[in-house]
Amino acid sequence: MVETMTIKEPMDALVDNLQVEPPKKTLIEARNVDVFYGNFQALKNINITIEENSVTAFIGPSGCGKSTFLRCFNRMNDYIDEFSIKGEVLIDSKKIYWRNVAVEELRKEVGMVFQKPNPFPKSIFDNVAYGLKIQGIKDKTFLEERVVKSLKDVALWDEVKDELKKSALALSGGQQQRLCIARTLAVKPKIILMDEPTSALDPISTAKIEELMFELKKEYTIVIVTHNMQQAGRISDKTAFFYMGDLVEYGETKQIFTNPKKERTQNYITGRFG
Amino acid sequence: MKNGVQNDSFFKMKFSEKIIVTLLKFAASITILTTIGIIMVLLFETINFFKEVSFWDFITDKEWTPLFAQKHFGILPLVTGTLLTTFIAIAVALPVGLTIAIYLNMYAPKGFRKIFKPLLEVLAAVPTVVYGFFALTVVTPFLQSIYPDLAGFNALSAGIVMGIMIIPFVSSLSEDALYAVPKTLKEAAFGMGSTRFQTSFKVMVPAASSGIMVSIILAISRAIGETMIVAIAAGQQPRFGFDPTVPIETITAYIVQVSMGDVPHGSLEYRTIFAAGITLFVFTFVLNSVSFWIKKRYQEKYD
Amino acid sequence: MTNAQKNRIIDKSFQVFGIVCTFFGLAILAILLYNIVIQGAARIDWDFLKDLPSRRPQKAGIYTAVMGTIWILVLTTMIAFPIGVGAGIYLEEYAKKTKLASLLEINIANLAGVPSIIYGLLGLEIFVRIFGLGGSVLAGSLTLSLLILPIIIVATREALKAVPSSIKDASMALGASKWQTIWNQTLPASIGGVLTGVILAISRAIGETAPLIVVGALAYVPFAPSSPMDEFTVMPIQIFNWVSRPQHGFAVNASAAIIVLLLITFMMNGIAVYFRNKWQKKIKW
């Protein structure tokens, strides 16, 4: 025991001794983030911390800045003309808007699933293997293992195992979206950003993806933008409500939905606007 | 390092990627070098040309005889020859091309348009030397059977054939412009009881006017720069005037005529083709710039 | 006659005029082809294709011209394809909306409108004189490459533009770099459009006469070129040469050569159209 004490960090030791759940680690942090599109300010002084292995939902009316904010975590806003950002975004305590950061490496850590399923016009296998192949991985057995694992993780394996060579475009919308999630998982990111991932899907496919998120949260940290209030309530641990570029309220989902502190949140949640 | 996010490649754009971008940029900049090259080459030889020939003579003398003993260096005969053939070509291509565009857009069944638009574009894919041969051996004899005084080489025949060649420039681009007019405009006109003809000329053509203008300007520019048809069928006699029935010479045909012969580099004769070339370049440059300007303005209007 | 009746008559008349105009263009094309085939088809035989040029029309063939055209075709493709597609990629994917990009765009639009004979003057001074290439196949190919670059660039940009951004986003979000995304997603998805543009541009180059005359391609070349530095002639110049001769036999030769040239041109256009259709059918999002 004494020996282990010496090599363990003091905090870990303490945790071991007390036999309680360790406090979750902060994985994403935004400090005083302002985002502008030209002269238009899309986000105003946002501060937020998101913990590991949690599901966080961003809600708010259209144009409130929630998607913009989500895309700050993997720098997908970089390609928008006149986009500029102030403040700091930290992933795993690293400033991702530092000028020497290679966004490609960042995005291997922070995956993204889009609103509309967007499989590549390639085979199912090639879709899932794509992220690994571009990293220069050529080992066939490794690729196969990873593809199979990823497809199993999204519960797509049984449906497609006999037709991995088939074009991904032949799958149904719900299958395509699960394929897109599998494609993201194959790279083994820490964080998965989901930008209204079920808004283009039917209720059954939506339910499957929601189930999936419960599973995924054990290994990944998920941030989801959604228009669907019930969805946010069902799946998320924490909820952030955005309005006109402001982060109005952020807290435990239960608290936000049952006992919001701000009147604006209350109005939105009860459907009085938005 | 322990979290895996931070490794060596986290901090730098891949070197190979930088090389690729540099190569791509170089490829793109070749187009700039081309323009600079054209202007430099034309200017350089033209300046040398004007060391021996007065600029005033060049733009006022009505004779162009640099290859004769009695030398004259007036560009006007080549300019009138060029304008004459261009005028004839546009007189053919504009009414025919525009009518086709309106017909395909407003009258023809959908399938018809889909088949005939590309079919007409075949006209522009035929090499110009073929048209030259056609003008000389088919069109000129045909015109002579109507008007026996027509010379064997003449501006009329060359101009008409050139006009046929550029029909698709006018028809396709104008049709594109008509196609881009919002459907609601057309429906509004029909809704008020207009015929297709009235809708075409009172609503569609005005609405698409900038696009149609662009197509016409490009056709003119193309006709001015066209070489082989006039070199084969219009003759090699620089002549100041606008008589379409006699042999003439255009700027382009003159350049070909000199290039076919054996003119030593650095001689005055050699430089005449650059002086002629810069004149041609200025004409087409102005036309292209005007069309580009119209296009830009029109794009902004609809976006 | 009422106003409405009058309007209807005008409307109908214009419809008839429209049909007449459409078929006028095609009728001319038919007459042109008919005349050439009638005159030249009988002249085409194996000897015509493999004979060297000659003073006597019955003995003259197009072998050197065909070989010259093939040399020009291959070299021009090798030069213009990578440069044109590369420039198109740069403009569409990297330099969008920068000052340099708008300058390049104006410049390319202008270059596309520069008469081909001006390119000949450029080639004559730069490639033939300054680079010292003389009237060689290489000088001709370089000149034609510059001529068709704008066409290839514009076609490449159009094709790249048609690829939906959702595919590029997905690739980027998986950690692909910009170039990896272009190479693995955007280019494969747009290759049909790119190839269509390239083939059309090359077919334009094959039909060009004037710029090659200016750079010094010869009307009479006794042998086919065997290296890029050799003198050459091409089919359009051979045709031009025969057209300018008085004897009827040469007009027949010209017709025969035109048939061969048109076959090549139409074949390339056909291939281009095939690529375009195939590509449009294959990729649907």
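For reference, chains read A, B and C in written order, and residue numbers begin at 1 within each chain.
One rule holds in what follows: a contact is a pair of C-beta atoms (placed from the backbone, for glycine too) under 8 Å apart; a residue touches a chain by one contact, two chains touch by 3 or more.
What you see is a predicted model, and the numbers here were worked out from it, not measured in a lab.
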item: By count of C-beta pairs in contact, the leading pair of chains; value: B-C
item: Most central chain, Cα average position; value: C
item: Gap in Å, rounded to a whole number, between the CA centres of chain C and chain B; value: 15
item: Distance from the mean Cα position of chain C to that of chain A, given in whole angstrom; value: 50
item: Chain centre separation in whole Å, for chain B relative to chain A (CA means); value: 55
item: For chain A, residues that touch 2 or more chains besides their own; value: 104-106
item: Numbers and ranges of chain B residues touching at least 2 other chains; value: 13-14
item: Of all residues in chain C, the ones touching two or more other chains; value: 177
item: Parts of chain C lying in touch with chain A, wherever the complex brings them together; value: 97, 164, 166-167, 169-177, 180, 184-185, 188-189, 283-285
item: Chain C-touching residues of chain B, taken from the complex the two chains share; value: 13-14, 17, 20-21, 23-25, 27-32, 34-35, 37-38, 41-42, 44-45, 95-96, 99-100, 102-104, 107-108, 116, 118-120, 122-123, 125-134, 136-138, 164, 167-168, 171, 195-198, 200, 218, 221-222, 224-228, 231-232, 252, 255-256, 259-260, 265, 273-274, 277, 280-281, 284-285, 287-289, 291-292, 295
item: Contact set on chain A toward chain C in their complex; value: 74, 76, 79, 81, 103-108, 111-112, 114, 116, 118-121, 130-131, 133-135, 169, 180, 183-184, 187
item: In the complex with chain B, residue positions of chain C that touch it; value: 7-8, 10-11, 14-15, 17-19, 21-22, 24-26, 28-29, 31-32, 35-36, 82-84, 86-87, 89-91, 94-95, 103-104, 106-111, 113-122, 124-126, 129, 146, 149-150, 153, 177-179, 203-204, 206-210, 213-214, 216, 219, 236, 239-240, 243-244, 251, 254-255, 258, 261-262, 265-266, 269, 273
